[in-house]
Amino acid sequence: MEAFSDGVLAIIITIMVLELKVPHGDSLSSLQPILPVFLSYVLSFTNIGIYWNNHHHMMHTVHKVSGTVLWTNIHLLFWLSLFPFATAWMGENHFSTWPVALYGFISMMAGIAYYFLAHCLADLHGKDSTLAKALGKDRKGILSVVFYIVGIGLSFINSWVGFSMYILVAAIWFIPDRRIEKNMQ
Amino acid sequence: MEAFSDGVLAIIITIMVLELKVPHGDSLSSLQPILPVFLSYVLSFTNIGIYWNNHHHMMHTVHKVSGTVLWTNIHLLFWLSLFPFATAWMGENHFSTWPVALYGFISMMAGIAYYFLAHCLADLHGKDSTLAKALGKDRKGILSVVFYIVGIGLSFINSWVGFSMYILVAAIWFIPDRRIEKNMQ
Amino acid sequence: MEAFSDGVLAIIITIMVLELKVPHGDSLSSLQPILPVFLSYVLSFTNIGIYWNNHHHMMHTVHKVSGTVLWTNIHLLFWLSLFPFATAWMGENHFSTWPVALYGFISMMAGIAYYFLAHCLADLHGKDSTLAKALGKDRKGILSVVFYIVGIGLSFINSWVGFSMYILVAAIWFIPDRRIEKNMQ
Amino acid sequence: MEAFSDGVLAIIITIMVLELKVPHGDSLSSLQPILPVFLSYVLSFTNIGIYWNNHHHMMHTVHKVSGTVLWTNIHLLFWLSLFPFATAWMGENHFSTWPVALYGFISMMAGIAYYFLAHCLADLHGKDSTLAKALGKDRKGILSVVFYIVGIGLSFINSWVGFSMYILVAAIWFIPDRRIEKNMQ
């Protein structure tokens, strides 16, 4: 399961760069129109990097999988697979309302899917397992979904404010899940 | 063999998203034209997910491969590799007759190719092997091919009726092959 | 080394399908213009499948690698990476002279690169190794390069005759390298 | 970590070929406009090949990773992921000033990121580790960054002179890191 997920994440993180359309001019200013797409690319690259990192950590605590786990994992990959699309739409439209809201929606759905996967795995391993203890009440997981919802709402007032909520979530997750690292020792 | 197949499936499932062309407008309504492509994408994502899942389960019962097995596997990957094309053609033409029929044809060929692969592996391992017992008369495999043929036929009467046959097949396979799981215990 | 090569081959074989541009019409006849590209795709898919198959077999006889081996392997991947380009150019131009000749040239260079890799590995393992014995005088390897040269030449008289030479080489290699299988027992 | 990095590198090296846009004509001269893109492709293919090679060698000396290492690795992959873009921009603009300077900038950033990764790993393993001894003062790593800076500067005088600096760096790294090989024995 990890090999397939690693493969999908590696492809998502890499094909996003195909949305950085090569400009026709050769001056420095011809790069300007793709700057927003680049900014959007940086956030998505970081987000996929975070998912890979935490997915990787989580898989190291896992001893068995079930059919349900396989499908909650594919469900997560489905939402992550929409990142290249959402990234490009948000960047090409210079972070206007609807694209920012959609980006938040897809991020939120991926967050919920990750929550399902983590708790599905924790249930399978019992409440005394490393994973279950590490997750605990999973405040971080719930918090990010809440932040994404707030971000979507704020993007209808000012899309840049909404967007900064997404950056905030990325910042929270930037550090690999220390809870698992701590409980493994 | 599994690593290569996993790689190909991971790439197919991910590059399909490149067919979701980013719309030029930034309003919610500018997403409308790509809704059919998205619907088509969801079905294909599920289908490739099913193939990965079952392929994965099957490979775990396999102890040896032959030259013939390698080629029946590549034959399966060939038909699966045409999914991004068929998905985009069907979505972009709003599920009209020929695109729906072609999607069914490619799904059917993939189904037949999987049938060949499974039976080729079962023959190699003998009729008392886990795999051979799990496959049995392989009603599910034969049924899906029949359903695809019916779906192709129906798509010439009403393409949505044909399309719903494909969804039906996906629904049948959604649950990982319990026959193998059962026989492995 | 095998994981990286498997990855590159899996990506090459899959992204070629992106050159099958989705037609705008939804009639059966709108598929006609892409038939030559499809034919070209089938040959390339088979060719990459053959390389994967034989590369895979060869790697199973290998116990050590050197810096030179790593680079002869990357050299092989370089020529194989040009297949999507050559495939699309040949298909889109309906197998006219220059595209067919270029396809033959890239196939020939890949053949030479594989020859180098195989002999470089055989040298490293000594002349009594499984690999060295299996390769022998490597008539099949030399023959394919000769056939490609003949095919390139013939394509200037009649490009379809040249093209059929490439199909001939694929047919010769279709069966996995039995020489290695035989010598391993 | 190696599987994910190998996957990303395999995808980067392969999708670059998608920037070699298939020309419309079928004459030999219709290939001429893409010759600069091809030249640019060859350099980038070699560069990614070098990174894969050295990354691969380095990972074989590694026994443990930390959260910081994971992120310095993703940071390296980020800069490498921009190669397809920089390659296409440089090739399509026939090696004019700004595109050559940007290519140099991205190469330089990748060089710095690799330096960080290598030293981060060396610190983690202690100064008596194989890796730390192999790196030593890492003259080669520092030298390439200096050469890239010089190349960027020179590209504003004559972009081809700047470009040849990048070829020089590739030539220096072409041979796999013998320092590690030596110290491992």
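Letters A, B, C and D mark the chains as written, and numbering starts fresh at 1 in each.
Convention: a residue touches a chain if its C-beta (ideal position, glycine included) is under 8 Å from a C-beta of that chain, and two chains touch if they have at least 3 such contacts.
Being a predicted model, the structure only gives us computed values, none of them experimental.
Rounded to a multiple of 5, the Cα-based rotation taking subunit B onto subunit C is 90 degrees. Of all residue numbers used at the contact between subunit A and subunit B, under half are used by both chains, marking a mostly different-residue interface. For this pair, subunit A with subunit B, the centres built from the Cα atoms lie 27 Å apart. With centres taken as mean Cα positions, subunit C sits 38 Å from subunit A. Residue positions 3, 7, 10-11, 15, 18 of subunit B each touch two or more of the other chains. Residues of subunit A touching subunit D in their complex: 3, 6-7, 9-11, 13-15, 17-18, 20, 22-24, 26-28, 31, 42, 45, 49, 52-53, 56, 174-176, 178, 181. Within the complex, the subunit A residues that touch subunit B are 1, 3-4, 7-8, 11-12, 15, 18-19, 67, 70-71, 74, 77-78, 81-82, 84-85, 88-89, 92-93, 96-99, 102.
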